[in-house]
């Protein structure tokens, strides 16, 4: 007996990279405490490197996923299984974390707690990467909480009164959802008698009425627990508070990296149900929150005047969109959800980076941005159109088409109908902002107004440019994104 | 010679006329040339051609509907085309003088050319679509011509009224023709007639061989007679509108607001007469459909007499001529309606032919006289024929013809109409008897107002009106027309119009009736206006067309505008309300959502989570256990 | 290759004008835009003659291909769109609305053109949808930014209403397309029209047809989904109105022909009576509103509703004649309404408003050329023979009178009668406008005369007028182009 | 296989108690306690499942260990945040609204 499990460091690299980053930062901080200006750049480099490794994986094939941490021969199950979709999601998590770091770097130049920030963020990214590849209950739970807990601390770290309040909201919701997740995991184990997310076990459980009941309850609790991370209505209440309270970098992390990892976790659960559990049950469990998110998110976003809060409510609506294809419980639905969340994450990253760059606290603060600052204005406009799903943000439209095609194929009409309504309301939300961007800048809107935590730094600019390039590229060739998720 | 050649010159003249409209001389020359060439071509064809010549355009690819766009000429059509071209040439030549001072003469000349082209198209059309084309273009041109002096509110209103009234009637016309074409799956006139014609020979043979009529109809594939009657009635409605017959009669008198040459054209040879041409084309179907014949016959009869009476009582001589047109067109339509199956529509067409000659003469002459006298009212025109010798001759011949005195062209044609009506009355399957009776009455009234017109125009007055710079062209036009009116009856010798013999008895009857009318008119002596003597109290009502205009307004215009207001209101307040309602509802929902989340209490999130879990769990477990 | 160039040229120049070249001064910008539009027109003619195609993989996961090409149905629309591109960019010499930089304005025009061209050439259902959406944002900018300068609020509202209302339609259509594509297993419009769609179960066909018709009816617009159109037209700048009427509305009818009519004929057949009634009501409804409408631009917009009613009615009839009539009326309305909007836009530019209740010197007296064109446009609008509008409307009435065998004859017959009444209403409102604007008294010497049309505007109006007449006197030009494709559609039934 | 009604009932009772605590208590620390109760219900369930019929990895025994560790970490963060909040506003009542003057 050589070892308990096989370990392939190259396959694990996307998760190991941030871990390495954590170690380096902690060691560095221990050597020269308080003088860790390099911590954030270092973390960024590590994250991008990890993302590149992960991207390599997304070129692979679905039939031969990257596997490691496999048990010896008779069992043969692998605790880490990363197909192309998983790899792409991991890359998205890492890149979004890097973007968040960039904003934090610009936003808190001169702060002393950069090492802590970097550590927390890297830890959370590790969790996000790991949860995507986890295929058993234990790793899944651990990775998920590793992704969640540091974020609470990150929000609280800002130290203001509202940050504390937001962190408290986030905390209590996350605690409750953690309890639900554990309970759900226990019920899952009870129902399927298997600690992995395997469709065979689910199919077996579904065949027995008693176990089916427990399984449905388990899925309910798991969806509820993940719904919190995804900001699905009704698990969304913390979102606007935490978004508005945190640093913009943290907000970006919450909005992008955290959402991608949550979706990755959800995909792990749902992919076990595909083909095993009949659609309608799961369709209702996922469909109700999805529809509620779509409608409530857009409707409330329509009345927001703070860009960050608007984006928070838009996140809630977009979370609904991510879940829409999952209601079909089909392989195409999984792909559509992944494509949607990646697109959403990219667009939101760009939008928040631009908000950080301008420091606007109200929509009016971005008035005429397209003329004052064509780069930022154009990037924001494109990102909003992607979120709205209108060309020239073609990718936004493509992923909406993908998202709707799953429920249409499965005949989940109420969800499709809600999607139609949400598209239109969403247009109202985002075009309202785009109209402000297009407007003639008022003379009063001088640069002097740009107070607050403006981040005119170079790294924010890099984020904006890189994000825009990604959006333009995948808009022109949607295959680049969608192909990596099959 | 392809029939398209008849239409082309005037179309070209119209097109080029728009281009050269600034230069009066060019415009005039072009217009006269266009119609003149057409006249020549028509005459040459009429003389040289014996049978039917068909001209094609590439047919329209329309799937299951065949639209061959055929034109056809035969001697009758060529005769009518010739007279149309003649009148148009006369009008064009005349208006070079009449409208010499007008700043929009060029437009006028081009419009007249287009108008002529449209009428020629209707005349030679052998395709229902082309008929509609000519028909509608004429309507539009009438709008432009009547409203030529658009600075005058009365002219604007008259133009609007003319177009709208005829267009409303055209609803029937278009639907009728569309229905006929739909039955035949073709718009070719021949195909339509074949498709809708009653296969009489087949039915008779079947009935003789012992089957019932119903079976015979079925066996022979006879078209639906009821539908055919409905369609023909629809077409007749359109014709009634364009020809200003009851109940659409009122627009034509108002149309006198247009320049006199335009009136001459509209009244004499084109628009109002076009209905006769169209119905003549559909005659084989019409003859088989008693209901359509009755509708047409009754409307024509009522119009004939009513218009004649109104004509007599008009205080304005130009309007008198207008009403006389209405009456005369009714005679043509009456002839078509009354003609029995064997007779054919040629009596009506012959009357069209002669009416074109004498009515254009009268209008052009009155136009000259009005220029000389400075107005068209009977009092103003009194004695104005003295302005020029040609006027005296023109009025004499014209009114004789209008009255239907034998030997002049109008008399010749009217006798044939009488004879046809008699045949129809004898055959007994149509409105022949009604038409006959009313026609006789109308003849008397017509003679009376013709006498009145002549008396008024040629009365002795102290001050002789001056001729007023008439160009030789204009007076030559009048002379030519006068001569043609006198000798036009000789057209019968060509054998173009297939009409029966007229016995001496009819001649005698006509003379008697006309004499009666003249005698009545002369009751007040030679120096007084007969209308003042006989119809003083009727005159104010007649001048207003018996107030039919108000009826139109009350029955059609006002309800439609009211309906339009209601619809406009509904459009913004009901149809659009759901749109605005959605916006309001969305905003309200957003407001509610914001209110619900205003507190941002940490505990609220937890509560929501628990509640949702309970609900979802219950739903899931209960639904799928 | 040529097709790609046809789409890429206006798109690329348009994108550059709204991004990199936004600061370009008006002279070079409009020269660039106009020459691009001219080149596009040349390419469109080339495409119409050679009929090339392009077909590449785009989204294999969804079976969507990057497939563009033309057939008899799309050729006239491609030409019309390219021509309107020239018209609107040339119109920049007449008037460049304020509200942003001229380059952005022109860029948006080119982007709308590119989107419309892509819509008309797309041979893939999903690609069609994407192209369909491309025009929304530039058009929204045109209305919202460059619209009527006097009323910013109305401008914003009209733009928002336009984009949201049509998005409701296009998203509904999206669901319909997805259902169609997923149940038929292909997104290729040729395959779908060639029998893949017709083979679907009746229930699916009906559902697909209902979704597609409901979605596209918004864009057409069909009564009662038309209320976005009048405000959009009223506030849009002249060039925007022209594109809206001549190009965007056509996308709706084109979509109706391409999607429900061609792919799910049985399902469409079951909906046809409803559509026919909506069309007929629209004809009369639009005509009646025009009788009392005060704003000339709104009036022309409502007349569009009436005219599109004829198109829809003809489509609903289901016969080949009906299809031909619909396609003809479609193009005819494009040309006539473009003419009227250029003209009315010019009047608004001159007068400041086009309120019909304000007494002004008659056009016939002060500016005969403008007056002539107005009269021509009105005559075309009322369906005068010899002008473009006539053939489509007459044939639409015929088609409704004699619909395809599977249509309820009585319903369509009543619709034909109503449509004929609507034609009379058209005469009434056209003459109402002529009476108020065209004819009238000589102006007071003091009242300012309306300047007559000169320069580019004159050429634009002249060209459009010539086209109106040409389409009227030579219908075979267009009918023979569409005939084969229509016959092929009929054969697929 | 033995019937495990007792452990299941215990788990249900713990979860119910925890949920009640979460729902009714407005004090952050007491809420934490409620969460821990729900968690322990889950743990009991896991162990009971393991006892009822072991899965191949004995996850019912292993998972509780993981979970307890995570919960401990979570509580650390939670207490830190609660402390921070208490320092900021002198109360850990979860029903308090975010103060407008501090809102962004």
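Annotations for the structure displayed:
Just so it is clear, A, B, C and D label the chains in written order, and each chain counts residues from 1 on its own.
The rule is short, and it goes like this: a residue touches a chain if its C-beta (ideal position, glycine included) is under 8 Å from a C-beta of that chain, and two chains touch if they have at least 3 such contacts.
Predicted model only: the values in this text are computed from it and were never measured.
Once CA atoms are averaged chain by chain and compared with the all-protein CA average, the nearest chain turns out to be C.
For chain pairs B-D and B-C, the one joined by more C-beta pairs in contact is B-C.
In this assembly, the C-alpha centroid of chain B lies 94 Å from the C-alpha centroid of chain D. A straight line joining the Cα centres of chain B and chain C is 36 Å long. Averaged Cα coordinates give chain A a centre that lies 77 Å from the centre of chain B. For the pair chain A and chain C, the distance between C-alpha centroids works out to 42 Å. The set of chain D residues that touch two or more partner chains comprises 22, 28, 31, 94, 98. In chain B, 600, 602-603, 606, 610 are the positions where the chain touches two or more neighbouring chains simultaneously.
Under the contact rule defined at the top, the touching pairs of chains are A-B, A-C, A-D, B-C, B-D.
If you check the complex, the residues on chain B that touch chain D are 599-603, 606-607, 610.
Chain C contributes residues 161, 165, 223-224, 226-228, 285, 288-289, 291-293, 319-321, 323-325, 362, 364-365, 379, 383-386, 390, 394-395, 397-398, 401-402, 416-417, 420-421, 423-425, 427-428, 431, 435, 438-442, 475-476, 479-480, 483, 486-487, 490 to its touches with chain B in the complex. Touching chain C in their complex are the following residues of chain B: 57-58, 60-65, 129, 132-134, 136-137, 140, 143, 147, 150-151, 156, 160, 163-164, 167-168, 170-171, 174-175, 178-179, 181-182, 185, 560-561, 563-565, 567-568, 571, 575-576, 579.
By the touch rule above, chain A contacts chain D in their complex via residues 75, 136-138, 141-142, 145, 149-150, 152-153, 156, 159-162, 164-168, 171-172, 175-176, 178-180, 182-183, 185-187, 189-190, 193-195, 241, 244-245, 306, 308, 361. For chain A in complex with chain C, the touching residues are 332, 335, 374, 378, 385, 390-392, 394, 397-398, 400-402, 404-405, 408-409, 416, 419-420, 423-424, 427-428, 431, 435, 438, 440, 478-479, 482-483, 486.
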